[in-house]
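The first chain written gets the first letter, and so on, giving A, B, C and D; residue counts start at 1 in each chain.
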Amino acid sequence: MEYKVKDISLAPKGKLMVEWAEQHMPVLRHIRQKYSEEKPLKGIKIAACMHVTKETAVLMLTLRDAGAEVALSASNPLSTQDPVAAYLATEGISIFAWRGMKEDEYFEAIARAASIGPNITMDDGGDLTVMIHKLAHGITEGIDYRIGKEFLSSDIAKGIYGGTEETTTGVIRLKALEKDGKLLYPVIAVNDSKTKYMFDNRYGTGQSSLDGILRATNILFAGKNVVVAGYGWVGRGIAWRAKGLGARVLVVEPDPIKALEAYYDGFYVSDMSTAAELGDVFITATGNRDVIRTEHFLKMKSGAILANAGHFNVEISVADLEKIAVSKRKINENVEEYLLPNNRRLYLIAEGRLVNLAAAEGHPSEVMDLSFGNQALAVKTLLKKHVSLRPKVYRLPGSIDRKIAYIKLKALGVKIEKLTPEQKKYLESWSS
Amino acid sequence: MEYKVKDISLAPKGKLMVEWAEQHMPVLRHIRQKYSEEKPLKGIKIAACMHVTKETAVLMLTLRDAGAEVALSASNPLSTQDPVAAYLATEGISIFAWRGMKEDEYFEAIARAASIGPNITMDDGGDLTVMIHKLAHGITEGIDYRIGKEFLSSDIAKGIYGGTEETTTGVIRLKALEKDGKLLYPVIAVNDSKTKYMFDNRYGTGQSSLDGILRATNILFAGKNVVVAGYGWVGRGIAWRAKGLGARVLVVEPDPIKALEAYYDGFYVSDMSTAAELGDVFITATGNRDVIRTEHFLKMKSGAILANAGHFNVEISVADLEKIAVSKRKINENVEEYLLPNNRRLYLIAEGRLVNLAAAEGHPSEVMDLSFGNQALAVKTLLKKHVSLRPKVYRLPGSIDRKIAYIKLKALGVKIEKLTPEQKKYLESWSS
Amino acid sequence: MEYKVKDISLAPKGKLMVEWAEQHMPVLRHIRQKYSEEKPLKGIKIAACMHVTKETAVLMLTLRDAGAEVALSASNPLSTQDPVAAYLATEGISIFAWRGMKEDEYFEAIARAASIGPNITMDDGGDLTVMIHKLAHGITEGIDYRIGKEFLSSDIAKGIYGGTEETTTGVIRLKALEKDGKLLYPVIAVNDSKTKYMFDNRYGTGQSSLDGILRATNILFAGKNVVVAGYGWVGRGIAWRAKGLGARVLVVEPDPIKALEAYYDGFYVSDMSTAAELGDVFITATGNRDVIRTEHFLKMKSGAILANAGHFNVEISVADLEKIAVSKRKINENVEEYLLPNNRRLYLIAEGRLVNLAAAEGHPSEVMDLSFGNQALAVKTLLKKHVSLRPKVYRLPGSIDRKIAYIKLKALGVKIEKLTPEQKKYLESWSS
Amino acid sequence: MEYKVKDISLAPKGKLMVEWAEQHMPVLRHIRQKYSEEKPLKGIKIAACMHVTKETAVLMLTLRDAGAEVALSASNPLSTQDPVAAYLATEGISIFAWRGMKEDEYFEAIARAASIGPNITMDDGGDLTVMIHKLAHGITEGIDYRIGKEFLSSDIAKGIYGGTEETTTGVIRLKALEKDGKLLYPVIAVNDSKTKYMFDNRYGTGQSSLDGILRATNILFAGKNVVVAGYGWVGRGIAWRAKGLGARVLVVEPDPIKALEAYYDGFYVSDMSTAAELGDVFITATGNRDVIRTEHFLKMKSGAILANAGHFNVEISVADLEKIAVSKRKINENVEEYLLPNNRRLYLIAEGRLVNLAAAEGHPSEVMDLSFGNQALAVKTLLKKHVSLRPKVYRLPGSIDRKIAYIKLKALGVKIEKLTPEQKKYLESWSS
């Protein structure tokens, strides 16, 4: 077992963090206990590319206890919690992750974790999956291909039964891959489970993105004009919480149905060009690139704060900002000030990387419990069904989704209504 | 052209009401103007069974102006706005509807409207569709069959190209019909358009159900324990608005995912048995029957108020209430007091019929604009496509959904973001 | 005992309404029961000028059962609930009130009720008090003086021990009277009890003003730009509830501290000139006149709705509207359409009179219970203390305020925390 | 000039922090600029005992630029931002403060700052004022007396023109001092300015207390039962924001009026004994002691989190917790786990010290701007008026309060309504 972490002596601190997380993750605890006895993943190799947080650690240990051999790399250069990484290294996980990796180190870590020769891949954003597919299809452009080539054979995909994907962004990439006819094995879009996107994306990113901005800036949300780009699950999570803290929220959204929903939800709705002049804080959550760019930067008020809650650091065009800025300076660990030619100052949080992981601790354990419950059950599903699955993007069946919700409710002590036989029958009849 | 309404002299009042509605319905106004010129429904007969409100009137006049011959009956004995019915009668619509119809009058009205021999049916809850299907399949039980038989031939379905259905309840019945292999023609579930259920059900029923309770009781929502049964689109619309008025809201829901969502949305969640003891106001929105029944009534606090926001008056078991009550008396037009053997008093609004139509004016025009925009486009779609459609329940395509949202936003003066070509391309790529 | 009401045969209906109200008024019920035994108002004459609603009826019956002789007139030409007035007439109250009084009838009713020769006056807005003071000081201008003169002697004030006042508006007038050195007897500003203004004004008017607009127009609040003029207790009650129903709310307020509060509460804040262009619905709650006037009307969008929640119908300048309108027509019982020279249409609710009483049923019983609990205790306080009181505006002591809250909480079954002796001592010490 | 700080080399980092704060403090910036020119505090000595944060630094520099000689000590052992302290030392402020002071170091710092021989004292919680009064009155008990004696003469109070006090807690102590007849000089209760308590306490502590809990625990607020003890300005700030983040909030409050308000605001209300069993998170904001104590700890769920937002660390009885705990361990920098005899685990944040300063960065600059605007103007008021003031607790006049709000609104670009002369006159008249 190999590993590369910042400081192995941080392991005891990491252990406490992971214990704290597990305490708030009853679904995963339930699965871990069951799998520890049944060992359903015995003999299976898993390569995961995920944010190395205390919650991910609980998932990795669950997979290990289920019998799997696990290798893990970070899915973002800034999101690793170093004590957690250290602790995982001491617990038999092949881990390659530290906070502040450079770009080549980041892809090397992915490649080294993948060099385990996985049966299952777990991905968060799609970087591992894309590396494997570039190698397989000989698509040579990009740093990921170049580094992957050093560590991996081009037929690594052949040993893979299937994969899982955690994020909206990753699922968009997978569907593009599928549409191109290039997807090589089945992937379960864990993101598309209701117990994932309706909870983790909305409540989790919703809260933790604001938390990241608070830790970086200590601003008062009450009274601020907060511009939220994107009214998907993440965007609405952010919008509602910002409103709940007393902000006026302005939503920018290209889809007319979502835009109309935001309008009737009581938010202001406009295009970014208009919003740029009004906002005090801008938060992107679109899965798209260049959502805020030169034309917008130049219209903003001095003092405007920019943060990204989407997976990749392309939503706010940092390249544009660097190009037009007269000068820049670091205000604190996670805030950079850009002075524009119009003499206004813009403040970029965490280099435009996803703010909840870079400037705070990522999603709270309570929602990751649901997401990672889905991950664990997705791995088991892939093992059981992979022979009959085609190289497509799948969802977990509704029954698994409901089961996870049910375990969570039980752990929370919440009683739900039961239908009577007459009620079930009534729902199936049409004549009365 | 025949009609039966309460008082034809109310037509001028109805005209003002319909004008007011149309003023708040820019999508339908846009369609009406276009159809008035193009006459796409020329020669077509339409039988509709819908709540006879000022908004429905705008839809009927749109269909008429598009060239159709239109017959209309009420879809609920208590929901007709008599001035509107009178006005429609003066405008060339064959209408059979008045507030306070008896059960046999209600079904006779449906049958008489259907006797036009429709090419298209429009339904709200499914009573018209079920009558036609009972006749066709010779399912003789029920008052609807008996009365339908008097007015209609059993092969009336043969002339029908297709139908539309407005409600969740109706769609549930249609799917049961389809599942039984008995559906005879394609039906477009207008309810399943996003611009319908996400707006009309949530914002429309959400507000108007509380409005109905207010008009019937004038209670203060602030400080009340409001129990909402069902956390579907209607239920959550009610729950959020009740919270917005200062109530503590308790959600009762059998689906674990929805229950968990309500929990994380900050509501109390429990089963009805627990909720029965706590609630000051109970509102059902489930599409199911006997959601509140004897076992619950007996646990309730004296003074508890009961209202139903679902389509049929079976959600609160009025039969149970009548059976256990020691006595009852009418408090005002829409409130009945039941004295229970335990000496507590329960207050039932509008006989358990859907409260927003029976005790208030139904959905505001602003959302019916979206729903009926879908209805109008669904009728046109059926005409164009019915040859290639099978006897199944269909949705309108997403492009129509988005188009309706787009027209509405434009009318509201709301600008939405446009994707750049680079952004569109990015969303379709997987390699970077 | 004399009376003048619309239709005495409505009394049975009024009885049911009053019973319903009393059921939701545990504080007043508690006081009524106590006073029925103790008869603390025996031999006392009370003249009241108040909105004749079912809740006021409970207060009048409480005073009667306490031994007083009671005469009542309406405090607004449009706010009388005729069945309630009829019922009170059958219960031994000298009542002069019907919905839709003309101006001279309105003042005549006040004078006739006052002709009882009261020891105590109860006022809601100050019209009774002002009439008495005009007579006493020989201030001859105004219709109130002219009509008062017909029915009352100029030394009627001499028999008065004291008065009570219910509203913000009335208290403003009383303080102006006191400042002018013209106030002739002590008045208790019931409005200034915390259990009054923080509850009745905020929760009561907040909800019922929106209710009135809904009953008059059936608009959807979600998605509307609602302009609230005044961020006092009434204004903030309206603003928060409108937000809770999904509106975007814009506050117009001259006081910088309240304006800043509205800003940090997440509302938009501006002057009326700016707001006029943006609003879909305008609601005034300022206690001031001409808050919306010609310069604003001319900037408004076509379709804008205007409603007043303040005591007098001077907040929206109906005079200005009448002057600039090209034509007007009645849309329904409570909506009038004004066509402006710029071809836009504005919709005025209830002639600019206080919308919650004119277009809905006024405050819910639950909050009037608190306000009228204060009224009842204020009358008793005046009787006990009037010898030592000077002609000033007084508040009820905090102990009575807290007592009312305490009775209410007990009736609601709410437990509150009790301080330990150590805690009480701690709060009184400074050295540790 | 003397100073004692953690590490003077942190000054450049502190400078950036202070600049960031000042950028968000337009009111203080306005005053600083004006005072820099006018030097109104020339020759005056000020001893301040305040949280040493970046915002306090802006106030201190404002006082310095106004001509005063300034000495500063911390008002809490855990609240000092060390880089800020270092920066102030380099800017000519006599500062004695570092994070993690021991109790005797804390009081020594106060005494050393006071040894400047102040004309004005500025206090936050009253520790400086109490020390001076103990010395003056010879009240020898307490560590503050003992240490004060070492550094200060007993007649230090004689040179003092007056003081200011920032907090609710401090004002309670001052009023007790005044009631005892022992207050020696006038004190302005800055806390009692509306632009202070309605903003800093509500929006500032409201947000930053939740922020502190988030930084310490990373829990998800959505779905949590949050118990808030105290529904004063701080408590309601916390309650509303917790609700805005999706929590169910339960309020514990001994005052019946505030309890009733919380009830109608839609919160659950109960005593602590009941709440103890239900809560997931407990936050105290009462100004009282032992609000949560043994009887409550023993009823709590395992995993419950305890935080204090009140000034002193006596609201949660840490003594009781230490006494009943079987063992304790540190989970992370700001969380301690207590294992109880019933085998449940409770988690105490920041040793029960005020959570927003100990676990986060205290109030955001935006609200401190208002509070410290009041402080600056209070100092100037004391200088101008102290001759005519008696040893009492004073408020700043309403005109200063409104002026601060006005400057803030102007800086925010918010237009407020102006009354016309007719409107002003109307508000002063009673006869029409």
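The working rule: a residue touches a chain if its C-beta (ideal position, glycine included) is under 8 Å from a C-beta of that chain, and two chains touch if they have at least 3 such contacts.
Computed from a prediction, not measured in an experiment: that's the story for all the values here.
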If you take the mean of the Cα atoms for each chain, which one ends up farthest from subunit D? B
Separation of mean Cα positions, subunit C and subunit B [Å, integer]: 38
Distance between the centres, which are taken as Cα means, of subunit D and subunit A, whole angstrom: 38
Residues in subunit D with touches to at least two other chains are numbered 203, 220, 222-223, 243, 246, 263-264, 412
Based on which chains touch which, is the overall arrangement a line, ring, star, complete graph, or other? complete
Subunit D residues touching subunit B - in the complex, by the definition given at the top: 220, 222-223, 243, 246-248, 263-268
Of all residues in subunit B, those that touch subunit C in their complex: 13, 16-17, 20, 23-24, 203-204, 206-208, 211, 214-215, 217-223, 241, 243-246, 303, 331-332, 360-361, 363-367, 412
Which bits of subunit B are touching subunit A when the two form their complex? 126, 130, 133-134, 139, 141-142, 172-174, 176-177, 179-180, 182, 194-195, 198-199, 203, 229, 252-257, 259-261, 263-264, 269-272, 274, 287-291, 314, 401-402, 405-406, 408-409, 412, 414-420, 422-423, 426-432
